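Below are two complexes that have chain A in common, paired first with chain B and then with chain C.
The block that comes next holds the complex of A and B.
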C-alpha cells in the first residue's frame, strides 16, 4: 500500500492534498469549502443546505441540465454534505476523468449561477427534508443532541427551522454565498489513481485567482446542554446522550478512540454485551466519537421499547461510568486489533482516503500515515485509557429523549443548567 | 486489477470461489447457506431472522462471549443478512486473519450451540426489529412491496409476524436449522489478499464431511400483487411500485440495467429530472433492479407530502411508461459511462467483489470478469433498450402506499387481481 502523501499550499490559502494509490483505477476527491451551517447568518439558518442544492442548478456556462449530464457522463458518483464549518463536496470517478470533474467543480464553487428561478425548488427540497425528520425519530434525536451539546451555533441543525427556511430569500442567500466562499481554509484532497503534478498544475490554474476574503469568525456562545424530551406516541423510545471528549490533536486522542471501541466496537463490546446480549434491552446501541475543530464528544444512542427505556438508560450510564474503573489487557488488545484492522481496510478505499486527508489537514494541519496511526494505537496502555476515562468521565450528559414518557436521569448524570 | 477468478466445486455440493486482488491487505468472505426466509416452515415465519442471531450465541466449544471476542480480536467486520433463499454471512478482515475467521465460521455453521437459554433474547431482538418498522415507514413499505410482488413466499418479510415470532419455540427452530443447513448449494467466496490453494485446502478440511441433505424445494404460490394501502397519519407519503423485469441470465439483462440507469442512475436521470428538478415534488426518488433466482423486478420508490402524493404517483408512472418510446444516444452513452464507472469502482472493494462472486455463482453458475461486464454493457443498443421496455413495460404494478390518504392509480397501472 503506497503511503506517499503530498501537500501543496497555495498563496490564496487553499490547500491541495494527495495520495497516489496502487492497483486502483478510481480517484476520489473531497473538497471542503469553509462555509458551513455554523456560518448561516441569523434569520438564514438552513441556508447552507439550500445552497448545497442550488449550486448544482447551473454553474459557469452550464445550465442545471448540462451540469448534471456532464457529471453523470463522467461516471462521477458525487454527494454533498453540510458540515458545521464547511460545505463538503465528494466525488469518486475513474482517475482518467478526474481532470474533467475538477473543472466542473471549479465552476460549481467559483461560478455558481444561483439564479432566482432555481432557488424555490431548492428551498422546497430542504423543507421536505426537514419535514421528513418527523418520520425519522432516531435522526431527529441525533440532530438535536449535537445542537444542544456543542457550543452554539457549532452543532446547529443543518436544516434550520421551518420559519428560517420560509423566510430565506434568493438574494440574501446569494450574497451570503458569493461573499462567503473563500479559498482561505479551503481544502481539496484526492486519493487513488492520480497524477499529483498534473493535479496540482490544473488546480492552481483553476483556483489561483480565487480571492474572496475569509468569513468573519463564528460568534460562539455557550452550549445549551441539558435534557430535552420530545413527546411522541411511538412504539420505540430513542435515547441519546453526549458527553465531552478530547479533540483529534490531544495526547489522549488515541486512548479516547480505544475507549470508544471498548464500549461499542463490536459484538463483544461492553454496551452490546450488557444491554443486548445479557439483558436483551435493545436491538442496537452504540457510542460514537465525533469531533469539531475545538470540541469533541462521545455520542451514545439506543432504541428500545417504552417498557425497557428506563432500565436501558440506567444501564447505559452505568456501563459508561465504569470505564474509569479499568479495562483488562484482553479488552485493550481486542480493541487495538479491531481499530487497526478497520484503519487498514478503510485505507483501501479511495473515497475514505481522500476524506481522511482533508480531515487530517483541517484538524491537525498535517497528514498522518497509516504507520503513524497504527503505532499510535499500539502504544496506548491500559493506564492511559483509565487516565482518559478519569479526566473525561461519562457524566454531565447532554440528553435527548424521544418517546411517549419522560425518563428519570440518575443522580450526577444530568448536566447542571 | 487482477481478474483471476477461481472455482472449486466440492463433492458435497458446496462451491468455493476466489479472486486474488493486488495492492490490498484485506480479504473479504461471503458465505451463502441455502436456508433463507422463504424456507421458514408455516408457523415459523421469521425463524431465519431469529436463527441468524442465535447462531452467534455460541458454536463448537465456544460460548457466546468467546465466539464474539474471537471475531473482534481478529478485527472481523461481520454482518449477517437473511435473504429469500439463503442466510448470508459476510466478514471482512485482514488477509492474514482469514484462516482463523474461516475456522470460526465453520463452527457457527456446522456446530452452532443453539441452546434454549439463548433463544429467548434472540426472539426478543427480532420482535424489537419488527416493532421498529412502525417508526420506519419507508422500510416497512419496501418490505411489504417485495412480499406482495414476488411469488409467495419468495419475497416474504424476513421478520414474519408478531404471532409467528411469539409462537416459535427453540426446539422447532433448532431442528429446522440443523436439519436444513445443507452444503448442497452453499457458496463460499473470498476476494482480496487471499492464498487460493491454502484457502481451498482449509475449506475442504473444515467442510468436506458436511453431509446434511438439502431442503425440500420451496412450494411456490402465485404472488399477491395488487395495491396495498397502509393508513398512517404521517407528514410524509411513501409510494412504492414494482413491475416485472428480467433475471440476471436473460439476454436483455444488460438492457434492463441500462434502463434502470436511464430512469434513476444519477441527477440527470429521468425520474430525478421530472420529479425533483422540474417539479420539486420529491426529495428523492429511485428505481432499483432486484432479482431472485427466477424472478426479478424494478422497484421504484418516492417519499413526498400528502399534497403532492397524487401528482408524484402520476408522474412516476408516466415517466416509466414513456421509456418504451425511446432513449437518445446521449442518454444511453451517459448510462453506459455511469454503469461502467460504478462497476470498476465497486471492483476495488474486496467486500463487493466477494459478494459479486457469490451472486454470480448463484444466479448464473459461472463467474463474470470485469471485462465481460464492461463489453456486455457497451454492446447494448438503443433498439435493445426499447425492446426491453416494450417486452417488460412499466405497468401492471404491484403498489404499496403509506400515508394519510389513499391515492388513485392511473388506468392500466393497476394489476388485475
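The block that comes next holds the complex of A and C.
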C-alpha cells in the first residue's frame, strides 16, 4: 500500500499533517491543542474537562444550539477528549464536508464563547463524570493507577476532585483557557478523501493570525508510585499493575511493543494462556503499552472474584517476570504477524490514520510510513526482546487494587515507598 | 463491489461482497441461534458454547487454535446475542486460506470435558464482571421485565446457577439442534474471491450434517409497560432504562425508526441531549432502536444524580411526548440523516464493517443491500415517515426499570 504523507509547518508553530487515501469518501480530522489536564493550575484540577464541554456551548457567532446543529447537519461524527498533554478533538465526515467542519472548529478553538451561563452545567457534568466512577470500579482502578504511576501531575485524573471542581469559577477557567490555548505545538491531521493544497490554504486563512504565546512548562514532580487499595463492595477484585517502559523514540521501542504482544497480544499470549486458558482465573486480563512524551509504562489489568484474586495476582507477576528469561522464535514470529497485521488494518480507517499522524508528529516530529513500521517490527530479534525485558524488568510495580479485600504483594514486586 | 452467493447441498449459505481494492478481508460464520432459543434450564448455553468453540477440535488442541489465529495476525472474536452467535475474523488477504481452514474446523468443536470445566470458571468470572456494570444489569433486567415470558427476555450469559449446573451433554444436544448447516451463513467481505470461497466451503464444510433446525415460532411479544425499582445502596448514581415497541428487523419502517432515534436520542445534538444533558439534569442519555427477528424495541438509558432522577424521568417522558406532538423539523431530519449516513460510510470503508452488514441482511431478511442503497434508503426517509412510526409505536408509553440508591422514584 503506497502512502503519500504531507507536512506543513506554519510560522505560528502549528503543524498540518495529511494523508490522502484512495477509495474512501470519508475524511477524518484529529486536532491536538496543547492544553491538557496536566496543565490545569493548582486549585483548578479538572478544569480541562469542564473546558472541553464548555467550548461546545457556543463559538464565533453561533450559540450552543447553532454550533451543535451545524456539526450535525454536516454529518460530523465528532468526539472530544482530555489527555494529559492535550485537548483532542476528532471529527469524521464525508470529505466534501471537511472544509465546513474545519471552519467550525476554528471558531471552537479560537473564539469559544465561554459565557458564565453555560459554565455551571459544564461543571455539573464534570462532577457527574467524577461521581460516576464510583459505579465503574474497573475504570476507577485504571485512572488511579495512571495517577500514581506517572510523575505528578502528568497522570492525574482528568476529573480533578470534588473540591477543585466546586471551587472552579468561570472567570479563572476562562482566563486559563484563553491564555493557555496556543498554536505552538498544536497539530491538525487529516486523512482520507482530502484535497491537501486546499486544506492547507484554508487552514492558513483560519489560523495564521493565531498568536497566543505558549504557556509555561508543566512543573513535574516525582511520581507517587507504591501500592494503593480501595475498598469496594464489588463482585470482582480489580487488579492493576504498572511498570516502566521506553518512550516512542527509544531504540528499544519496537522490542517493547513486541514484548507487550508476547504477554497479551492474542489468545495465545502468555497472560491469556496462563490465567484464562490453563487456570480459568479470569475472563479479562491484558497488558497495554502507554506513552506520554517523556514517560511510558506497561499497564496490566485483570478482574477476578475475591477467592481467586490472590492467585491471579501471583500468576500475573510471575508470568511478567519470566519475560526476561527469553522468548521463543515462534512467539516472536506470532507477535510480529499480529503487530503488522494490526498496523495494516488500522491503515484502512481514516479515523485511525488521522490519529496516528498526529501521534507520530507529537512523539517523533516526523511521520512513519507503513513500510518503515513494518521493517522496524521485522528487524527485532529475540535477543533485543530479552535485552528490553532485562533493562526494563517487570518489577517495582505501581499497584492499585479495588475490591472487597486487600491482597499480599509478593516480595520484590512492591516499589519502595 | 460484487456480490455472490450460493447454497451448499447440506444447506450452508455462502456469500461474499468482494472489493478487489481492499488490502484485507473479513470472514465470519453467522449462526441463527442465541439465548431466545434456549430452554430455561440451559440458560446461557449459547454463550458458553461460543466460548467452547475455541477450545479445540478433533484436529486441534485449544493451544493450537489460539496459536494459529495469532500466527496469521487475525483480528478475531465471537459474540452472542439473543438471536445470533457469530464468529468473525479479519486478516491480510494472503492469509485467507489458513483462516478458513481454521475457522471451518472450530465450527465442529470437540467439547472436551476438561476444557468445559475450566471454561465454566471463565464464564462465571464474566458474569461477575458484568454484575459490576450497572448499565448491563439495567439492560438484562429491563429485557426480562419488558418481554416477560417471551424468550427474548432470556438473559444471554445465563445465571451462576444454570452455568454451574450445565453439562457437556446439554451443550452437545443444543449444538446438534441449532448448528445445522442450514442454520448457518458463511460470509466474507473485502479482498476475497467468491469462486475460491465457494470451493473452500464445499471442501471444508460440505460434509457437515445435523438435524434440520426448527424455525423459530413467530410469536409476537406482548411487551409489558410496567415500572420496577431495584434498590442497590452500593451504587452512587441512579441508572434508568425505558423500553417500548418498535419496528422489527424485517419491517421497512426500521429506517424511519433509526432516523427517529437519532432525532430524539442521539448522544450529541438530539432533543434529549439538549433537554437533559445540556442542562446537566443527567450525566448521559441516549435512545436507540434495536431491530430483532419479528420484534423491535426503542431503548433509552440514562444515569443521573439520585436527587435529580425523578425530574430526569419526567423530563424524558415530556421530551418524547413533545416530539410525538410536534414531529420532526426539516433541519432535525437533515441532521439525523446525515449523521447516520456518515456512520454507515465509515463502517462501510472497513471489510469488517461490511461483513456485519451483509451477513445481518442475509440472516434477518435473506437479502443483500449494497452500501449505496442503504444510504439512499435512509436519505429517502421524510418527516411523514418518522411521524407515522412515532404514532404507530408510541415511544412515550414504555416499561421502566431503575437501579440505584433510590427506593422509590
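Definition applied: the second predicted complex is superposed on the first by the 415 of 417 C-alpha atoms of A that agree within 3 Å, B and C clash if a C-alpha of one lies under 4 Å from a C-alpha of the other, contacts with A are read in each partner's own complex, and residues count from 1 in each chain.
Here is the rule we use: contacts are C-beta pairs under 8 Å (C-beta built on N, C-alpha and C of every residue); 3 or more make two chains touch, one makes a residue touch a chain.
None of these values were measured; they are calculated from a predicted model.
Placing chain B and chain C on a common chain A by superposition gives a clash between them.
By the touch criterion defined above, A:372 reaches neither chain B nor chain C. Of the two partner chains placed by superposition, A:405 touches none, neither chain B nor chain C.
By the touch criterion stated above, A:277 is placed in contact with chain B and with chain C alike. In the superposition on chain A, contact is made by A:341 with both chain B and chain C. Of the two partner chains placed around the shared chain by superposition, neither chain B nor chain C is touched by A:61. Touch criterion met: A:233 reaches chain C, while chain B stays clear of it. Residue contacts after overlaying the shared chain place A:318 against neither chain B nor chain C.
Residues common to the contacts of chain A with chain B and with chain C across the two structures: 1, 22-26, 57, 64-65, 68-69, 71-77, 92-94, 120-121, 124-125, 128-129, 131-132, 134-138, 234-236, 265-269, 273, 276-277, 280, 282-283, 303-305, 330, 333-334, 337-338, 340-342, 344-345, 348-350. Of all the residues in chain A, the ones that touch chain C in their complex are 1, 22-26, 57, 64-65, 68-69, 71-78, 92-94, 120-122, 124-125, 128-129, 131-132, 134-138, 233-236, 265-269, 272-273, 276-284, 303-305, 308, 330, 333-334, 337-342, 344-345, 347-351. Those residues of chain C whose C-beta lies close enough to touch chain A in the complex are 21-24, 54, 62-63, 65-67, 69-75, 90-92, 117-126, 128-129, 131-134, 234-237, 239, 266, 268-269, 273-274, 277-280, 282-283, 303-305, 331, 334-336, 338-339, 341-343, 345-346, 349-351. The residues of chain B lying in touch with chain A in their complex are 1, 21-26, 56-57, 64-65, 68-69, 71-77, 92-94, 97, 120-121, 124-125, 128-129, 131-132, 134-138, 234-236, 265-269, 273, 276-277, 280, 282-283, 303-305, 330, 333-334, 337-338, 340-342, 344-345, 348-350.
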